[in-house]
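Some notes on the structure that comes next.
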Amino acid sequence: MRIDIDHRTTYKYEQPLRYGLQELRLSPRDTQRQKVLQWKIDAPGIDRALEFFDAWGNKVHLVSQKEETGDSTIAVTGVVETTETDGIVGNLRGENSSRIFIRFTPLTEPSDEISDIAESLRGRHRDQIALYHALMETLHKEVKFDTSSTQSDTTAAEAMKNRHGVCQDFSHIFISVSRLLGQPARYVTGYLAMEETGEIAEAHHAWVEAEVAGLGWVGFDPANGVSPDERYVRLACGLDATTAAPIRGVRRGYGNETLEVSVSVNQSDSQ
Amino acid sequence: MLGRTASNLFWISRFMERAENMARMLDVGYRVSLTPSLDSGHREQWESTLRAAGIAEAFAERFQTAEVAQICDFMLFDSDNAASVYSCLSSARNNARAVRTAITSEMWESINTTWLEFSDIKPSRDITSDIPRLVDWVKRNTAQFRGTMLNTLLRTDGYSFSQLGAFIERADNTARILDVKYYVLLPRAELVGSNLDMSQWSTILRAASAHRSYKHAYRDRFKAWNIAEFLILRREMPRSLAHCYGWITSTLDDLESYYGNRYECHELCQRVNDTLRQSDMDLIFQEGLHEFLTNFIASNNSLAMNIAEDYNFY
Amino acid sequence: MYESVSADFYDEMYSQDGDVRPAYKQIESWISKQPKGGLKQIAHDAEETFRRLGITFAVYGSTDAVERLIPFDIIPRIISASEWRRLERGIEQRVRALNAFLHDIYHRQEIIKAGRIPEELILKNAAFCPEMVGANPARDIYSHIIGIDLVRVAENEFYVLEDNLRTPSGVSYMIEDREAMMRLVPELFSRYRVAPVEDYPENLRRTLRSVSPPSCKGEPVIVVLTPGIYNSAFFEHSFLADEMGVELCQGGDLYVEDGFVYMRTTQKPKRVDVIYRRVDDEYLDPLTFNPDSTLGVPGLFSVYRAGNVTIVNAPGTGIADDKAVYTYVPQIIEFYTGERPILNNVQTFNCTNEDERSYVLDNLEELVVKEVHGSGGYGMLVGPASTKKQRADFARRIKDRPSNYIVQPTLALSTCPTYVEKGIAPRHVDLRPFVLCGEDVKITPGGLTRVALKKGSLVVNSSQGGGTKDTWVLED
């Protein structure tokens, strides 16, 4: 499937920005299940951006801005060709040790409830894939998808306690359980081409990759209870939502900043 | 040089100058409180002193009455008063600590010793009787710092920034003393020529360490007109606005030749300096002394901000 | 001496029979020839000098004084040339191994795969910095500036008490103590050939220069990054910057633009290549680490990963001096060098092991308990000097969180004659030599001798009232 992406983030400043610095994790990499055909990032300072790979294997752009006035927009446009692989992503080129993804972070630190889930799954399944599907079923039963009850800094433990959450929270709980079981799991950000109705879908999405022996990284979308299919475009990954965030920045200036995000992800007409 | 280093040097001198000014103003207030009282009493005198020192509001917020001992403590030792001698010396030292590498060890020792000794002073219960001694001590130590700086610091950009801090503070202080005190003193027409009037006039000059030099310059009794001229326009008077701006102008010129760049601060300084050079007392009184000084104080503040901006003090 | 030497401890100056050891002969005779009040006068002069220069150390948690002088003792601690040679070899072996370990765990993690160190101990350790994985510091060196804390218990028996691979402090005291001694008692230096320590700042500058980032073509611009004047070691930061002739920066003086770090100057911004930072990892870069930090430089870590600046020491070196990892240092040395460790580790009990824990709980009175993430002598129990209540308290804490503590036997730290109020008395000392790793490994002969000034005390930390001594390594 060819997927067209148009993702714009606009910052509006009340007062001129004195200084701004942003890390952009907005460069999808080729994997077994996706091939990037076209990709362009447009942002203030992008022509002078610093490019590097972070510890999680993402290509990062660091852009700096000075004395900016009015709005500033980060626009990402591109075309990605995806194939159905039952969620298998495999190993990316030049990846660092996958074992660092057993490390807990403040957002993925387990609670007793999360440990109980891990214990209920331990040793009960013929293989890891089956275990992860059982985990997704459990989460589907226990946690209600609800966009109003959590924020970007809600931890896995808090979301589990409230039994409510969005894709970020489902992913954090999944990751926490997997790491408790000693299996590397990581947070993935990306896009989801929406067509069907009746299921949870956001253009901007987050899910999980867990390492499975013999297969490498395999995707799981715990908010939807499925493995990512052709409609998913993978952008970046990290230990949790913070470290994988597509845009992370600091700014210096006076007055407020407002943010507008628009994402459109469509199946491409051109073949 | 780091922009912050320039800023620290600027503020070391500015705080040392402020500490000295604070002590001198306290001295004047104290002297006045010893002289026979006018109908409005000492309260008005002290209030004008506090206003000249820019701390009247802060004082009023803290205290209901204006006891002499309270005022003395507030101006000398109160750590909550950002302009007290204590706070000024502490701030000067903190700025110096941050740039130990940019000042000479003699300057550091002078500031550090001053600070250590001052923070060891335990004022006696009757603080007022200690005032002359304490004021002398502060004047002596700040003068020693300035002497040490002049004798040891390399004449490079750092020296220039420290000069700017001292003279901008001094100009501000002189303008404020004149503004506040002149306003308080001028309307008392019935006292003109009396002994009391004379001693009142002398307080303005004392606050600027100028009551003796006035005599040398004018060979005349204290007159409002002369005093204003002395403190505003006479270049030979080292605390006059004209003198300060002569010094600031040549210091900024030094920076221009050192760095090869002219900025907004140079233009502003030039304007203020031209105004002072071209003025005479007729003009100033026509415009209104208070307006003249208010404008000056505002320009002087803007200059400090421009310097900070142009040389990246942040 | 005012107090006599205890038979339970090795004394640096006197042998068990009361004879003066050869290296101390001249000192001993100098002391005995001092007129009455002579030592007191020297001690007084020393304190005055230190106070005037503002050589201070801020003590956390003390309300009466923000800055204090670290007491300086006028009797030097002496190490013979042959003793030093052995220490030097041991230290070099240790720091090379620890740097190899850091490179390994932030890359292929061979030591974990080989099963020589538990995976969880490293990867789930708070001191492990996952953001560092795959980063490639110049010359593969992570810890460039290291302090190794040693104690002596017998003639040829030194133990490593602790490694300091993050931002070890104290080197300014090493230099200032020497300076003070040369000024106060110049005559002693004519009787001994003491190896110099004054070239440390120059060696530090060369070390920093030798690890400039690949993107730096000309002469690298070096700065020292300090948290500011309220930091306990601010004097040292200022001292080192001054001695090296480089700028002393605070976070706000630096900023990132277009992929490089710059400092704000009174003129044009100036690019910075090497940052000797004395700011902890967590506060280094609010964009990558603690977002609330105002001490760091946003974007610094990204520039570092991209190879456009060198951070010294690298972030994440704390994993190599973690108290729980300490136990494995002998294995680490063998794994990376193929050699037996030259310097001993102190035997360490692991409280998560049931047998060891029950031994620990039964014998607290003879043991030293340290919090795994504590430092500076805080959160520590010294068994022989503890009260029953303190021991009960620690016993409970160990049972609650066994992995949070390591336990060691109480070491019989050597004593060294020290000038105290009533005269000269033996006091316990340790030794922190300073190591520089760049182009090569340089160990300054001597280091900082810390002395516990309280009678019988084994805690030498300056935050706990310890003092310092000049340390002399003799040349053959």
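So that you can tell them apart, the chains are marked A, B and C in the order they are listed, and the count of residues begins at 1 in each.
Note that in this section a residue touches a chain if its C-beta (ideal position, glycine included) is under 8 Å from a C-beta of that chain, and two chains touch if they have at least 3 such contacts.
As the structure is a prediction and not an experimental result, all values here were calculated from the model.
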{"item": "Touching chain B and also chain C, the following chains", "value": "none"}
{"item": "Label of the chain whose CA centroid is most distant from the centroid of chain B", "value": "A"}
{"item": "Distance-to-centre winner among chains (Cα means, whole assembly as reference)", "value": "C"}
{"item": "Whole-Å gap separating chain B and chain C, where each centre is the average of the chain's CA atoms", "value": "47"}
{"item": "Cα-centroid distance, chain A relative to chain C, in whole angstrom", "value": "42"}
{"item": "Approximate Å spacing (C-alpha centroids) for the pair chain A, chain B", "value": "60"}
{"item": "Complex contacts: residues of chain B adjacent to chain C", "value": "1-6, 94, 97-101, 105, 108-109, 112-113, 116, 157, 161, 259, 261, 311-312, 314"}
{"item": "Footprint of chain A on chain C - complex, ascending", "value": "107-109, 112, 119-120, 123-124, 128, 130-135, 255-259, 286-287, 298-299, 302-303, 305-308"}
{"item": "Of all residues in chain C, those that touch chain B in their complex", "value": "51-54, 228-229, 234, 238-239, 241-242, 247-250, 252-253, 263-267"}
{"item": "Contacting residues of chain A [partner chain C, same complex]", "value": "19, 21, 23, 45, 48-55, 60, 62, 64, 66, 96-97, 99-100, 102-104, 239, 243, 248-250"}
